[in-house]
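Got some structures for you, see below.
Each of the next two complexes has chain A plus one more chain, namely chain B in the first and chain C in the second.
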Partner chain A sequence: MPDTFSFGIDPLTCHAWNHDHSQLALSPNNHEVHVYKWSDGKWKLSDVLAEHVQRVTGIDWAPKSNRIVTCGVDRNAYVWTLQPDGKWKPALVILRINRAATCVKWSPLETKFAVGSGARLISVCYFEQENDWWVSKHIKKPIRSTVTCIDWHPNNILLACGSSDFKARVFSAYIKEVDEKPNATSWGSKMPFGNLMAEFSNGSGGWVHGISFSASGEKVAWVGHDSSISVVNAADGSKLTTLKTDSLPFVTLTWIKENNIVVAGYDCSPAVFSYDGENVVLIARLDDSETKQQQGSKFSAMKHFRSLDNRATVESNDTTLETVHQNTVTQVTIYAGTKANCTKCSTSGIDGQLVIWDLRSLENSGSNSA
Partner chain B sequence: MSKNTRNTAFRKVDVDQYGEEVYEEDQTADEGATGPSDAEVQSMLAKGRNGDALQYVLTNAPLTSKNQGVKDKAAQTVLKVLMSLKANEIEGSLKGLDQAKQDTLMKYIYRGFENPSEGSSAQLLVWHDKLFAVTGVGSIVRVLTDRKRV
Partner chain C sequence: MSTTLQPYLKAVRQTLTAAICVENFSSQVVERHNKPEVEVRTSKELLLTPVTISRNDKEKVLIEGSINSLRISIAIKQADEIEKILCHKFMRFMMMRAENFIILRRKPVEGYDISFLVTNFHTEQMFKHKLVDFIIHFMEEIDKEISEMKLAVNSRARISAEEFLKRF
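Up next is the complex of A and B:
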C-alpha cells in the first residue's frame, strides 16, 4: 500500500528529497518553498524559504553538498546553503533570461545546475570562486520554444531537454572551468559547450513534458502530450521507439531500472513501462485499482447511500477517483535507490498529495504472474 | 498636413514576422499527396466492399498535403464511406485497422462532426463509440495534438 501524505488543498508544484529522505522540500503552488522534517511519524514544517516573488517552478536538492536550488516564474534562481544555525541562506543566481524559469536540475557531481526557461534557452550555471558568485552560460540554438524539462547524463556533461517545439534534444553542457575533458560516449565524441548532440521529433506533434536519461546514459526516454512514450537507444544507432498509449497524456517520468520507466500524468495514476530494445510495453499500473474495484463492488452500495445521506441529496455527485491521486500527477521522483535500481518512488500532484510507492512489491507480483 | 495621412495601409503590415521569436513550422509538405481517388472508392462501395473502402481511404489520407482543397475532398470521400457502412458492419471493419489508421479515422470522425449534414452526426456518434471502445482516450488526444491535420 502506498504511503500518502496530504499537504493541504493547494497543488504541489514540485518537490525534492534530501540525501536520506529525512527532509522534504516542496512548493504549494506559490512563491514559497516549504522544508519539512520527518519526526514522530509525521512531516513537521521546519522552514519556509521565501525569496522568490513569483511562483516557484522547480526545486532540486543536491544529496552530497546538501544545497537546494530553486527556480521560479520571477526569472530567478536561488542556491540555498544550510547555515550552522539551521537556517537556509539564499544566493541569487543571475540567469539572464527574460521569461520564466520552468525547471532546474543539479548535475550529477553537483558542480553546476541547468535551468530551462520560457526564453527558449537553457542556463547552465557554475560557481566562480574568485568573484564568489554563480555564472550562467546559455544554450540557445536551435531551441525554438519553451524548454519544459531537462535531465543530466551521468557523465556530468550531456544534458537532455524537452521543449514545446515538439522536440527532444541532447546538448553538451561542458564547462571548462569545472569539468574534466569528457570521454567519448554513444552520443558523440566532440562536446563543446552548447553543441547539439542529437535531436528527435516527438511523433507528429505534442509538447515534450518530461525527459530522462537512463542510469547508464545510453538511453533517453521522454513523454509527449500526444499520449506517447518514446525511447532512444544511443548504443543501438540512436534507434527511436515510440509507444502511443490509450490513456491521457503523461507529464513526468523517471527510469527505475536500466530497462524500466515509471510515468505519470493526467490519468492520475503512475504506471511502469518496460523497454526491451524493440518495444515499449506496459508492465503495471501502480494504483492496483483492480483490487480496489473488487472491494468497491462489495461496499459501494453502502458507500453510495451513506454519501447520499451525508449530503442530503437525491443524486450522487461523488467525484472521488478510484486512484490514490485525485488529480493530475505532475512530478515523479526517485525516493529510495537510484535510476539503476529504484525501490521506491514518490509522486506529487495537483491534489496536494505526496505519495510514496513501493516498487519492490511490483517485482514480486510481476514474477508471480509470469 | 500631408496628403497621405489617410493612408492606413501600414496597419495591415504584419510586424510580428520580423521578430526573432517567430516559430516556423517544419517544412515537410508532401506535394504528391493527392488523397484517395473518388472513382476507386465509388467502385468499391458499389461492389459492397465497404471494409476495403475504409482501408483504402485511410491509407491514402492526405495528411502531409498543404492543399486545403485536397484535404476537403478527401474528407468528403471518407464521410461517404463512413455513412455507407451499416451499424453492424462497423465493428468488423475496425478490427482490420492498425493504430495509425485508427488515429486517422478518429480525426475524420471529428472532422465530420464539424460539418453536420442530415443524419451524419448520429452515424458518426456510433462510429465514435465503437472506435473509442477499441482505442481509449489516447486517439482523441492525438486528434488534438497532431500537427498533420485532415
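Up next is the complex of A and C:
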C-alpha cells in the first residue's frame, strides 16, 4: 500500500529528498521552499527558505555535499548550504537569463548544476573559487523554445534536455575548470562545451515534458504531450523506439532499473513500462483500483439514493477520483535505491499530496521485469 | 435529430478531457509574465491545432488548446428570430457576470455565441473531470432553457393578446 502524506490544499510544484530521505524539501506552488524533517511518525516543518520573489519551479538536493539548489520564475537560482546552527544560507547564482527558470539538476559529482529556462537556453553553473561565487555558461544553439526538463548523464559531462519545440537533445556540458577530460561514450567522442551530441524529434509534435538518462547512460527516455514514451538506445546506433499510449499525457519519468521506467502525469497514477531493445511495453499500473471497485458496488445503491435526496440528481458519480492522487502528478523521484535498482519512488501532485510507492511488490506479483 | 446528441456530446467530452491537460508555463516573450497562451498567441509552437466538432452547420463547438490554457466556444442552435433574441440576451446576461462564473470569457469568439477560457490556475484549484462535466451539462441544458423561455414568451404573448382582444 502506498504511503500518503498531505501537505495542504496547494499544489506541490516540485520536491527533493536528502541522502537518507529523512528530510524533504518541497514548494507549495509559491515562492517558498519548505524543508520537513521526519520525526515521531510524521513530517515536521523544520525550515522555510524564502529568498525567491516569484514561484519556485525546481528543487534538487545534492546527496553527498548536502546542498540544495532552487530555481524560480524570478530568473534566479540559489544554492543553499546548511549552517552549523541548522539554518540554510542562500548563495545567489548569476544565471544571466532574462526569462523564467524552469528546471534544475545537480550533476552526478555535484560540482556543477544545469538550469533550463524560458530564455531558450540552458545555464550550466559551477563554483569559481577565486571570486567565491557561482558562474554560468550558456548552451543556446539550436534550442528554439522553452527548455522544460533536463537530466545528467552519469559521466558528469553530457546533459539531456527536452523542450517545447518538440525536440529532445543531448548536449555536452564539459567545463574545463571543474571536469576531467571525458572518455568517449556511445553518444560521441568529441565533447566541447555546448556541442549538440544528438537531437531527436518527438514524433508528430508534442512538447517534451520529462527526460531521463538510464543508470548506465546508454539510454535516454522522454515523455511527450502526445501521450508517448520514447526511448533511444545509443549503444544500438541511436535507435529510437516510441510507444503511443491511450492515456492522458505523462509529464514526468525516471528509470528504476536498467530496462524499466516509471512514468506519471495527467492520469494521476504512476505506471511502469519496460524497454527490451525493440519495444516499450506497459508492465504495471502502480495504483490498483481493483480493490476500490469491489467496495464500490456494495455502496452505490446507497450513494444513488443519497444524491437523489440531497441534490435531486440521479447522477451517482463521485467527485473524488479512484486513484490515490486526486489531481495531476507533477514529479516522480527516486526515494530509495538508485536509477539502476530502485525499490521505492515518490510522487508529488497538484492535490498537495506526496505519495511513496513500493516497487518491490511488482516483482512479487510475478510480472516480467528484465 | 436527438440521436446525434449523445455522440456529439461524447466527442466533445473526450476532446475536452485531452485538451484540459494544461500546466503552469511562464511567458517566454515577456519576462515575469504568466499569460494564457491561447489568448496571447505569440509563440506558435505552444498552440495546439484547433478542433471544431459540429452536430450540424448551426451547432458546433470550437476547442482551441495551448500549453497553459484552453478556449471553448459554443455555437447554439437558434432556429428562428425569437430564439436568436433569447439566446443573445441570455448569453449577454451571463457574460456580464463572467467574474462569478470564473471560467467564462467576457466576449465570445467570432462566429460563436459563448466562450469559456480555462487556464492552469483553474485546473489547479478545481477538478478537471468536474470542469468537463460542467461544460457538457451546460451544453445539454442551454437548449432546454432556450426552448422553455420561448414557450413562456409565446404563452405570455397569447394570454396578453387574448385579454386585449376581449374588449373588442
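The rule is simple: the second predicted complex is superposed on the first by the 346 of 370 C-alpha atoms of A that agree within 3 Å, B and C clash if a C-alpha of one lies under 4 Å from a C-alpha of the other, contacts with A are read in each partner's own complex, and residues count from 1 in each chain.
The rule is short, and it goes like this: a residue touches a chain if its C-beta (ideal position, glycine included) is under 8 Å from a C-beta of that chain, and two chains touch if they have at least 3 such contacts.
For clarity, every value in this text was computed on a predicted model and none was experimentally measured.
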Chain B versus chain C as contact partner of A:144, first or second or both or neither: both
Touching partner for A:169 - first (chain B), second (chain C), both, neither: neither
Of chain C and chain B, partner touching more chain A residues: C
Touched partner set for A:204, first chain B, second chain C, both or neither: first
Touched partner set for A:67, first chain B, second chain C, both or neither: neither
Which superposed partner A:226 touches (first chain B, second chain C, both, neither): first
Partner chain(s) touched by A:120 [first = chain B, second = chain C, both, neither]: both
Which of chain B and chain C A:245 touches, first, second, both or neither: first
Doubly contacted chain A residues - partners chain C and chain B: 120, 144-145, 165-166, 225, 248-249
Touching residues (chain side chain B, partner chain A) in the complex: 21, 23-24, 26, 99, 103, 135-139, 141-142, 145-148
Contact footprint of chain B on chain A as seen in their complex: 120, 144-145, 165-166, 201, 203-206, 224-227, 244-249
Residues of chain C defined as touching chain A within the complex: 17-18, 21, 23-28, 31-32, 34, 43, 45-46, 67, 123-124, 127-130
Chain A residues within the chain C interface of the complex: 11, 13, 29, 54-55, 57, 73-75, 98-100, 102, 118-120, 144-146, 164-166, 207, 209, 225, 248-249, 251, 265-266, 319, 321, 326-328, 350
